[in-house]
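In what comes next, chain A is part of two complexes: it sits with chain B in the first one and with chain C in the second one.
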Partner chain A sequence: MAITKLAFLVDKPPYKTETSRLALTHALSSQSVEIYLKDGDNVEPFLAFIGDGVLNCIKNQKALTIYDVTSLDMHIRNALLFGLNVYVCKEDIRKFGLTEDMIVMDADHPDGELKTQIVPYAEIEQAIESCDHILFF
Partner chain B sequence: MKLGIFVSHFRFNTDTYERLKAERLGVIFVQNGIYHATLRENGKSSPLLEKPAKFYVLKDDLETHGFTNSQVDSRVKVITYNDLVDVIFNEYEKLAWL
Partner chain C sequence: MGKLTIGTFSSLIGSMSLDFALRLAEAAINKGHKVDFWVSGNATMLSKKAQRAYRDYSFLEKKVKELIERGVNFTACEACSEARGYHKEDTMEGWKRHNMDWYLASCFDSDRVLHIGGE
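And then the complex of A and B:
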């Protein structure tokens, strides 16, 4: 029996490329991978947004309304709803002059209890250290 | 020369941008270029806004990224797609995409 811890780190901004969207879809899909694993084995992913990646976490993105593509904040809400821990780097939010109330903080769904965790980079670093694999997007 | 420059990236090599000069210069922020019109990285607005030019940002792309008109730098004019067509046809003879 083993738990494999995965860190999905996003340091690119949204939309111009598919990179950050891939991080979110891959992190979400890793939640269902246990059907391919031995009994007792599982994966434990988390998402962390650092550097330019924090720009993915700005709420009220209107991508679906305007361009008919799912917005990155929708994907983050889904990630929270499906139980993924989502970390956002506090220093990088401040660096861009953003405020915490501009960040998507919850799943906006009755079943979604997890909240986005805005934490100092040192905490994200600790989470990375405890991981088996790091995936950069 | 009347030159309009589209900026669609947030991070890019600005050497060419800095060199471009025109009698009338316009910079249109679209896609991820909108961050130059909105963010104040380390308390400073984008260095791209220091250029002597008229600045525009596309409203649809602004809202796609979660920003509103009120968060745009005062030097930048928020325009719609219809306004953009007018800008392209009436204001500038040549267009470049960086």
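And then the complex of A and C:
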């Protein structure tokens, strides 16, 4: 039995390119990765938003209404619901003048207990150091 | 020898990242390593067959075919391909098409993951 830890690090803003969406969809695909692995083996991903990437975490995005595509805050809520740790860089939130009440902080679902963690960059760095592989989006 | 997983996200035309990634895969194979090569997003363009060579644009179909013959495991994201209108019948022979979980599974037992981001 082995676990491989994967860090999905996102520093690109939402909607201008597909990059941050791909980070979220790849991270969420960890839910079905076991079909390719031996019993007991798995991957353990987490998401970390830094720099311009923190803009992906603003809540109440209207992409579905305006562009008819899923919004990235929906994907972040799903990530929390599926038990993925989501870190958002505290310094970068501050840099954009954002506050915690403007950020997706939970899954908004009765089964979702996990909360977004707004943490100093040093903590994100620590989490990255504990990972086997970094996927930088 | 080790296993290398290369994940790529840039388009065939408009970026040289795929050119670089293929040469990296070739270097790894030359050293006897196993290579999984994943394309997602705009990089799925690499899997399209019947690319036409012009000297002003990257033409990688020939290089991909060589690497397939040498054992590089090329896999394209099925959803990303279908969303772009690249269907199974448009895909070069020797490619596999899977969901994104295949890439994570490849990362699971890879000695090194080189994730080459998109635009």
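In this section, the second predicted complex is superposed on the first by the 137 of 137 C-alpha atoms of A that agree within 3 Å, B and C clash if a C-alpha of one lies under 4 Å from a C-alpha of the other, contacts with A are read in each partner's own complex, and residues count from 1 in each chain.
Here is the rule we go by: a residue touches a chain if its C-beta (ideal position, glycine included) is under 8 Å from a C-beta of that chain, and two chains touch if they have at least 3 such contacts.
Source: prediction; values computed, not measured.
Participant: For A:14 in the superposed arrangement: first (chain B), second (chain C), both or neither?
Facilitator: So A:14 only meets chain B here.
Participant: Which partner does A:58 reach: the first (chain B), the second (chain C), both, or neither?
Facilitator: first
Participant: Figure out whether A:32 sits in contact with chain B (first) or chain C (second), or with both, or with neither.
Facilitator: A:32 sits against chain C, while chain B stays out of touch.
Participant: Quick one: is A:4 in contact with chain B, with chain C, with both, or with neither? Answer first, second, both or neither.
Facilitator: In the superposed model, A:4 contacts chain C only, not chain B.
Participant: For A:22, decide between first (touching chain B), second (touching chain C), both and neither.
Facilitator: In the superposition, A:22 contacts chain C only.
Participant: In the superposed arrangement, which partner chain does A:97 touch: chain B (first), chain C (second), both, or neither?
Facilitator: first
Participant: Just to be sure I follow: which residues of chain A are touched by chain B in one complex and then by chain C in the other one?
Facilitator: none
Participant: What residues on chain A touch chain C, complex-wise?
Facilitator: Result: residues 2, 4, 6, 17-19, 22, 25-26, 29-33, 35-37, 41-43, 45, 132-137 of chain A touch chain C.
Participant: Spell out the residues on chain C that touch chain A in their complex, using ranges where they run on.
Facilitator: Residue positions touching the partner: 7, 9, 40-42, 99-105, 107-110, 112-113, 115, 117-119.
Participant: Along chain B, where are the residues that touch chain A in the complex?
Facilitator: 8-11, 31-32, 35, 39-43, 60, 63-67
Participant: Can you tell me which positions in chain A touch chain B when the two form their complex?
Facilitator: Contact set of chain A toward chain B: 13-16, 52, 55, 58-63, 65-67, 71, 73, 95-98, 102.
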